[in-house]
Amino acid sequence: MDILLGIAATILEQLQKPTLAFLIAGMVLAAAGSKLAVPDPAYKLIVMLLLLKVGLSAGISVREADLVALAVPALLAAAVGIAIVLLGAGSLARLRGVGREDALATAGLFGAVSASTLAAGMAMLDDAGIASEGFIGALYPFMDVAALVTAIVIAKLGMARNAAAAGAAGGTMALGGGPRLGGVEKGLVPGILAETARSPAISALLAGIGIGLFARPDAVFDSFYEPLFRGLLSILMLVMGMEAWARLSEMRRVAHAYLAYGLLAPLVHGLLGLGAGVAAHHLTGFSEGGIVLLAVMAASSSDISGPPTMRGALPGANPSAYVGTSTGLGTPVAILAIPLWIALAGWAVG
Amino acid sequence: MDILLGIAATILEQLQKPTLAFLIAGMVLAAAGSKLAVPDPAYKLIVMLLLLKVGLSAGISVREADLVALAVPALLAAAVGIAIVLLGAGSLARLRGVGREDALATAGLFGAVSASTLAAGMAMLDDAGIASEGFIGALYPFMDVAALVTAIVIAKLGMARNAAAAGAAGGTMALGGGPRLGGVEKGLVPGILAETARSPAISALLAGIGIGLFARPDAVFDSFYEPLFRGLLSILMLVMGMEAWARLSEMRRVAHAYLAYGLLAPLVHGLLGLGAGVAAHHLTGFSEGGIVLLAVMAASSSDISGPPTMRGALPGANPSAYVGTSTGLGTPVAILAIPLWIALAGWAVG
Amino acid sequence: MDILLGIAATILEQLQKPTLAFLIAGMVLAAAGSKLAVPDPAYKLIVMLLLLKVGLSAGISVREADLVALAVPALLAAAVGIAIVLLGAGSLARLRGVGREDALATAGLFGAVSASTLAAGMAMLDDAGIASEGFIGALYPFMDVAALVTAIVIAKLGMARNAAAAGAAGGTMALGGGPRLGGVEKGLVPGILAETARSPAISALLAGIGIGLFARPDAVFDSFYEPLFRGLLSILMLVMGMEAWARLSEMRRVAHAYLAYGLLAPLVHGLLGLGAGVAAHHLTGFSEGGIVLLAVMAASSSDISGPPTMRGALPGANPSAYVGTSTGLGTPVAILAIPLWIALAGWAVG
């Protein structure tokens, strides 16, 4: 009973946070038939600024980290991010009636990391007096970018396969027929990777990471990108709320699938992160606190870097699927699960 | 004599404040034939951010406000909006050669509120160090909707009466005969209310009020909406100055009646608002700043939400009459008159 | 040798500064085929905000400046602008196969000033902790207008002379005969001056200067224009980097003469500006930072106000010559050369 009350309180608290408040306001506006619209050029600039900031932040934190100590946990973090997306592609995406692109966008967000959930984990570790490595903040971009890119590439691959299959079935589009499909796919992955890297959203993210890594953008980051970030995100959420409402009807038949995924996936992903952390513990002496935070990162779903990236890279995916499942269900569950990872890490290490 | 000198000094001082300086700069640029232009998508984003900020600010304050204290000024604001339109229907609309529909569209815009003039008034009050109730932004829709609806309903009523009279006289236009007229009118009012609420400007304002009332957007308000407000307003003022100058020349083609109305009405309406504010001061202890802002709202004419509403609701009305009179004459007079209300409110209360 | 090493170290250090880092990131993105693009309306708003800020900054400082100290550098700036165009007319325009009109349009752009290169120079000086006169922004229009007008007038003069010569020789082209030539030339100069003042870029700059001079925009300047400046400049630099890379390929089609001019002229012009600055230093105590910025202005070529002015005034000139040489070569060289002027000014003065 106390657990249920705690869950209800956490959900209610999330609903009043600016991120969800603007999303809900957008849904209410759309439901009321509002003609409010953010002009497309303004929207594109906002997404570009958000992703430049996410990239700059990641690049700056990696630049300041101890690269030797960082290497093994970073590779494991990237592997966990990729594994989460593959897991989603093999479960949620295969359910009857669930759109493949919607499912992959959702899995991409669940693979990506929530900075605020990570911060909550750090605070709880601090309360429990468990130490962790200082470079943990630099791990999150590896899991984040790996998950987002994997989700986008698998989704684009599926679209390319469907286009090729449609061509083979109709017999009119002779290029890329049945026997040559495998060859097309081999050429497809690097092509889609390059295409993804060249897309406006990922380009802005990579440009930010590059500038953060190799230059000294700290002054412009502190005076411009950081202060504007939350405000620009609030406008994005308003727009995504309006879109989510418009496409909410698509969700009626598959709502139970997303409900189950949103409630269970954070726990499965957290165990994956915990396992990777324990492996790093035996390989490089990765700390107990580090194990907990890797589990927290894996369990969390992106509420900041993910939505603009998915909106930019997979414009056909339904925001009411991926934002609703991630921010509405995944984030509260991930926050409530933090004590579980603290208990399990203590048991695995001690 | 001292009061007049004080008013003159205040007006001269206001001319150097950013708000008016950018308006005047815009007029000078337009007069000099500058090709400077704020692109439409950028302009729309700026207006949306300004109205979200005004709404958030109002919602946050109403959340902590005495709703009993709000009730009386809100009713008075609606009454002032209706009175302004009735005044226009009884004066401008009765002048020889002035089209009744044109006159009512103009009176509707003069009864409606300019968010940017209100924002300018708030900025000038802030500069003068005079406090006002935080819920003033929540009074805006009461006066705005009351005036627009009254103007549209009276105009449509007149048209319906003329059609009925023509039908009775000619006997050829059988549709919408006498007995069904009442039903048409009853359906009109909620439709116009919904249309106004769905317009981009009012939607943004209502979204801001809703988020401010029911969520906790204080962090994003303090880090984004509040710091950007004055700068965005300066750009809006530059654009409005250029538009005001361009539309001043449009006025050559319309009657001197509009010139007289555009120059005098803001002062008469401002006095109406001032009177209502002083009444509220004695009834509920409404503040000196609140009296000024009620006068500013009453004196202002709608430059953002009004024109598209009128164009949609009264397509037969001539935009060079109502837009020219409102933006070309009413708005500059209303902005220049702000120091007058500051001086008169100080004299009436102090 | 120490000086050369110092210059090399300064250049390497500058590459990590936000301004150049974003330019280089833009070039890398363009080279990698990124689809990232700043929408045109967003770009126009950014340029307008940057030029308003430069103007406001100049106006505010000139309001408090020693106008006697301004007079000498202003006259020298105009002289440098004229000298650069005369130099181009005497070198590039005389090379075999180079069109006279193309060469003069190019020299005009190289004599005119790039607001963003100047802003980059100001940011780099700021980073280096070298002070300069606040009125430097007010020197800009003197060099800019002087160079554009001189280039256009010399080109138009040449065309009129050719037409007159052809008329005198063949007797068939009667228009614009000998006695009317002087009148045409007299009317041309004020027209070109007005056209430049009305262009969006110069309008925004002049509006900023006017508001800074005659009003009190300090509050909105400190809360909006100043904090946003570096961030908006970083976006402009990203765009300019992408444009510079794209236009580098345009240069394949034009003569090697433009390649040599685009690479060498900024250095020669910068030395001219440096010399004028050092002269002003001895005449009126012009600061070290001021010398650097006069060199930066002289070395820079116009990327915002110049191209549309040239396209309007000299429609026969080939844009792939003057825009390609200016934006593709001149601007990167001018930005890369900024540390050179910092080093040389320190050596000349210190």
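Per-chain residue numbering starts at 1, and chain names A, B and C are given in the order in which the chains are listed.
Keep this in mind: a residue touches a chain if its C-beta (ideal position, glycine included) is under 8 Å from a C-beta of that chain, and two chains touch if they have at least 3 such contacts.
Chain labels with UniProt names: A, B, C = Sodium-dependent bicarbonate transport family permease.
Since this is a predicted model, take the numbers as computed values, not measurements.
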Chain contact topology (line, ring, star, complete or other): complete
Copies subunit B and subunit C touch via same or different residues, half shared test: different
Distance from the mean Cα position of subunit C to that of subunit B, given in whole angstrom: 44
Multi-chain contact residues (two or more partners), subunit B: 39-42, 227-228
Interface residues, subunit C side, partner subunit A - complex: 15-18, 20-22, 25-26, 28-29, 32-42, 227-228, 230-232, 234-235, 238
Subunit C - residues contacting subunit B, complex: 39-42, 44-45, 48-49, 194, 197-200, 203-204, 207, 210-211, 214-217, 219-220, 223-225, 227-228
